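Next, two complexes with subunit A in common: one pairs it with subunit B, the other with subunit C.
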Partner chain A sequence: MTVAHGLRVVRTGWLVSMKELTHSSFFVLVSILQPVIFATIAFFMVEAGGRSGTLLYTALGAGLMGIWSATLFGSGGLIQWERYQGTLELLVAAPAGLVFVLLGSTLATSSIGIYAIGATLLWGSIFFGVPLDVAHPLLFVIAIPVTILGLGLLGLVLATTFVLYRHANALSNLLEYPVWLVTGLLVPVSLLPGWVAPIGWFLAPTWGIKAIRTAALGGDPLPAIGATLALSALYLGLGAIAIKQFERLSRERATLALT
Partner chain B sequence: MGESKLTHYILLLYREGVSVVEAESLRRVYRTTTGAVRRRPLEVEAVRGVSFAIGQGELFGLLGPNGAGKTTTIKMLITLLIPTSGRARVLGHDVVDDARVVRSKIGYVFGGDRGLYERLSAFDNLRYFAELYGVEGRLIRRRIAELLDLVGLTDREKERVEGYSRGMRQRLHIARGLLHDPPVVFLDEPTIGVDPVGARELRSTIASLTAAGKTVLLTTHYMFEADTLCDRIAVIARGEIVASGTPSDLKRIVADRTVVELEAYGVEERALEALRALPGVDSVAVEARDQMQVVSVQSAKGLELTQTLLAHLDGARVGRVSAREPTLEDAYVALVEDEAR
Partner chain C sequence: MSASPVGLPQSSPPVAFLRTFFVGGVIAYRALFNWIRPSIYIPTMLGGPLFQILFFSYLGRFSGLRDDTFFVVGNAVQVCSMSSIYGATMTLANERYFGTLASLLATPANRAALFLGRTFPVIANGLFVSVFGFAVGAVFLDFDLAASALPSLAIVVLITVVSCTGFGMLLGAIGLRMRDVFFVSNLAYFVMLLFCGVNVPLEELPGWMQAIGRSLPLTHGIAAAREIASGGSLAGVSGLVRAEALVGAIYAAGAYGLFRFFETSSRRSASLENF
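And then the complex of A and B:
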């Protein structure tokens, strides 16, 4: 399989998954409402803490919480849905590398997150007076897709486990809140015990939010953008190795189909 | 030897020399657990040493009751399951070691409602799989149009699959399986649940595959279908092949028998057991047709059993009674029942 064919598979997989997701009223409803709810909770928390100068900081964190939830829920849900509708076996039975197929799907789920950021900022601006002045507009525009790529590839690593384990949804539900906390999306990591920060270093949302926040509020976002890209490459490598192993194991253990 | 017989003979020799699909002592064990609190390991041997070979351009049927191991056998051949032991090759490539190569050379179609992206149109479904199978970008549209035409979905390709009937879905499945023009096609119960007219159209499409030189492995429950389509058949029961040969070879198994068919209402399992215990009765099968049951009793030719049978169906209402020559279905019933005893 050539790289060009792999990229075509990623592109078509992305398109197919976007259509699948946007045709699911449940997913659309959750994706529309969740970021707005997260943003509202976060703004009230900031208001209660009396830190009015950190509104944009909070809004961006809430937006990324939405992206992470969409990625986690979407990538796990998509594989489960593929298994349920009997297409997971067909994807494995096709000669295209499964890593490219899954990459298209997980990138689609995290792409939905662009809406999450936009909706959070708009909601915050209209109802909570969040200032929308961005320090480095160009780097801000770069930091967002880089972060989405990072989260999508983290979703890919998780999706590989969904191929092998039929009940991996339990794992995805478990990972939503802890990742918000250890990556500093909801509250600064400095407020948490010292052992939490090193966990966050290996998670793309930590560097993604750092990149987006520094691009918006001031500072140099390039190191964080670089770290997000480096982690993305690591996730891609891990995902490719894991899917090879998990695909073979799923053929041994017969977990690709429900029956 | 006439010309057509000679051609047939040469074709047979050619087929014997070129096995496109080979299964050697294939065995598959499923390991699972049972029990809610104290979980105990459970092993189910779904396929127990299945061997067969399919020649170039042959349409080979795998027949068997539910749970006999047909789908498990197919899934091992199409690389979705790794055999517990034994080996299989498709076009000379091992299904475990050369899975990627095997996948590019086979098409897989299964029956039922599943296996399609419900929220997408038929065109989007086909386009996605065309990419997955590496169909060249500039050829994709033309190939999809050809296949939509072949399966009669040309004017419906923009509709979402969730609104499709069972027959339309099945036709779309076949189009999907042929996108990359594979030389070998696996069809797992492709006409299941399809109405008689739709099933006839599908059978004609399946027949056209071998006419185009493809090698086909077909599993089905419908004996008429197997009889009309298959060059050779293997009957599988409880994970083992119990007989194989041409449809005529299999029919010969019951050539010395006759079949009495009784249309009845309210026949209980107890009465069927009593019929099975009668001297001279080889097998008893019952089929539900709407409210009615059709009881088929196989016995040795020349044995007059009708009155005895009626006497043993005392509590049931019996309608038409007829005697007929055995069919492939009777041979199948006899083989599967013998295996169950």
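And then the complex of A and C:
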């Protein structure tokens, strides 16, 4: 199978998953309503606390929180979900490499989060007067898909590691807030204990939000964009290795369909 | 003890009521939550609240809005909704999802006992999660509570959990008819974070949001818990406590009414377990 064929599988998988996700009320909740509610809470908090100059900062952070939630719940439970539906065997047996099949879906889970950024910016602009002036429009437009790519590939790692834990949903419930915290999406990491920051260095949302914020608020977003892309490559490698292992072990032990 | 029409021994009404209430409640909980095990319970019911409290407390520090106590108390009380909203919704709605609703409603069991009995495990669980939330605040954040405040706080939290469970039961009753009630219960959880003064003082919200907040459970309970945490007495917050109990009672009554209405109308239209 050539890379071109693989990319076609990714594109098709992405399209099918996007259609599925946009019809899911849960993902409407996670990628639109929840980010808007959290953004509203944060807007009220920063305004009442006298930090009203941070509204755009807050809107972008709340938007990325939505992307993380969509990726976490969508990708984290991906393999488990395919199992429940009885489609995992078909995907594994397909001639296309499993990594390409799953990649389309994990990228879709982060892509659906684009609604979150759009929703929090629009909501913030209409109801809280969030200024939508972006310092580097072109780099802002680049930073968002790069961040989505980074989170989608992190989703690939989640999809293949969460499968080791029988209750992926419970793990997803656990990991939503901590990643919001350690990656500095709303709270600057400098406020957290010193040992927290290094954890965030290995997570794409840390660099993604840095890229988006510096592109929007001023500064040089290129290093953060570069870091997000580098992490994306790392995640792809890790994800591919993990999928190979998962596939081999599940064939050897005949546990593919077992929940 | 008397004989039933088919010759089976029949308990006197109060005993049957209590048995349905206690034994039925516990059995229903064990059956409907048979999937609960430590590997699910700990990350979801303890891990989630732990990080929610840390997240909002640090966001509070960043915003400069209030001190840790404000956020610890607000969130520690609110996290009872993990059980009181989701759990209570499941205790009714999952009978339909599991396909056991028809069998349940075919029994002659007293409906009030059947309905109320299943709230007790939910309330106990909600109380435990809230207590855990306060412990998180004491261990990881700048939150201190005088030992003398504990009994009053426990009463306020208990009433708030009961009140919130009434609201959860209303959602559960809606789940007897609605296709995707868990969308509503998820939304309710987040809406309560915004409207009930959990993280934003009620007076900072626009008037219409305050009005909605005051009509929801948690709002008065959280305000009362904050008063007590800052040295107030139970007598001093009795108005808030009564308001919280009243709100909860109204939701619980609405939930029971809806439960009976859906039971009756589903029988009439033969749509009990239709999706």
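Going forward, the second predicted complex is superposed on the first by the 242 of 259 C-alpha atoms of A that agree within 3 Å, B and C clash if a C-alpha of one lies under 4 Å from a C-alpha of the other, contacts with A are read in each partner's own complex, and residues count from 1 in each chain.
We adopt the following convention: a contact is a pair of C-beta atoms (placed from the backbone, for glycine too) under 8 Å apart; a residue touches a chain by one contact, two chains touch by 3 or more.
Small disclaimer: the values here were computed from a predicted structure and weren't measured.
Trainee: Based on the superposed arrangement around subunit A, label subunit B with subunit C as either clash or fit.
Mentor: Aligned through their shared chain, the two binders fit side by side on subunit A.
Trainee: Which partner does A:191 reach: the first (subunit B), the second (subunit C), both, or neither?
Mentor: In the superposed model, A:191 contacts subunit C only, not subunit B.
Trainee: Thinking of the overlay built on chain A, is A:176 touched by subunit B (first), by subunit C (second), by both, or by neither?
Mentor: Only subunit C; A:176 stays clear of subunit B.
Trainee: With subunit A at the apex, figure out the C-alpha centre angle toward subunit B and subunit C and round it to a multiple of 10 degrees.
Mentor: Seen from the centre of subunit A, the opening angle is 80 degrees.
Trainee: Check whether A:26 is in contact with subunit B, with subunit C, with both or with neither, and answer first, second, both or neither.
Mentor: Only subunit C; A:26 stays clear of subunit B.
Trainee: Aligned on chain A, what is the least Cα gap between subunit B and subunit C? Give it in whole Å.
Mentor: In the combined three-chain model, subunit B comes within 9 Å of subunit C at the C-alpha level.
Trainee: In their complex, what parts of subunit B are in touch with subunit A?
Mentor: That would be residues 30-31, 75, 78-82, 100, 103-104, 108, 110, 112, 114-120, 124, 127-129, 131-134, 137, 160, 176 of subunit B.
Trainee: Flag every residue of subunit A that touches subunit B in the complex, lowest number first.
Mentor: 1, 5, 8-9, 12-13, 16, 19-20, 23-24, 85-87, 89-96, 101, 248, 251-254, 256-257
Trainee: Can you list the residues on subunit C that touch subunit A in the complex?
Mentor: 39-40, 43-44, 47-48, 51-52, 54-55, 58-65, 180, 182-183, 186-187, 190-191, 193-194, 199-201, 204-205
Trainee: Touching subunit C in the complex: which residues of subunit A?
Mentor: Residues in contact with subunit C: 25-26, 29, 33-34, 37-38, 40-42, 44-51, 165-167, 169-171, 173-174, 176-178, 180-181, 186-188, 191-192.
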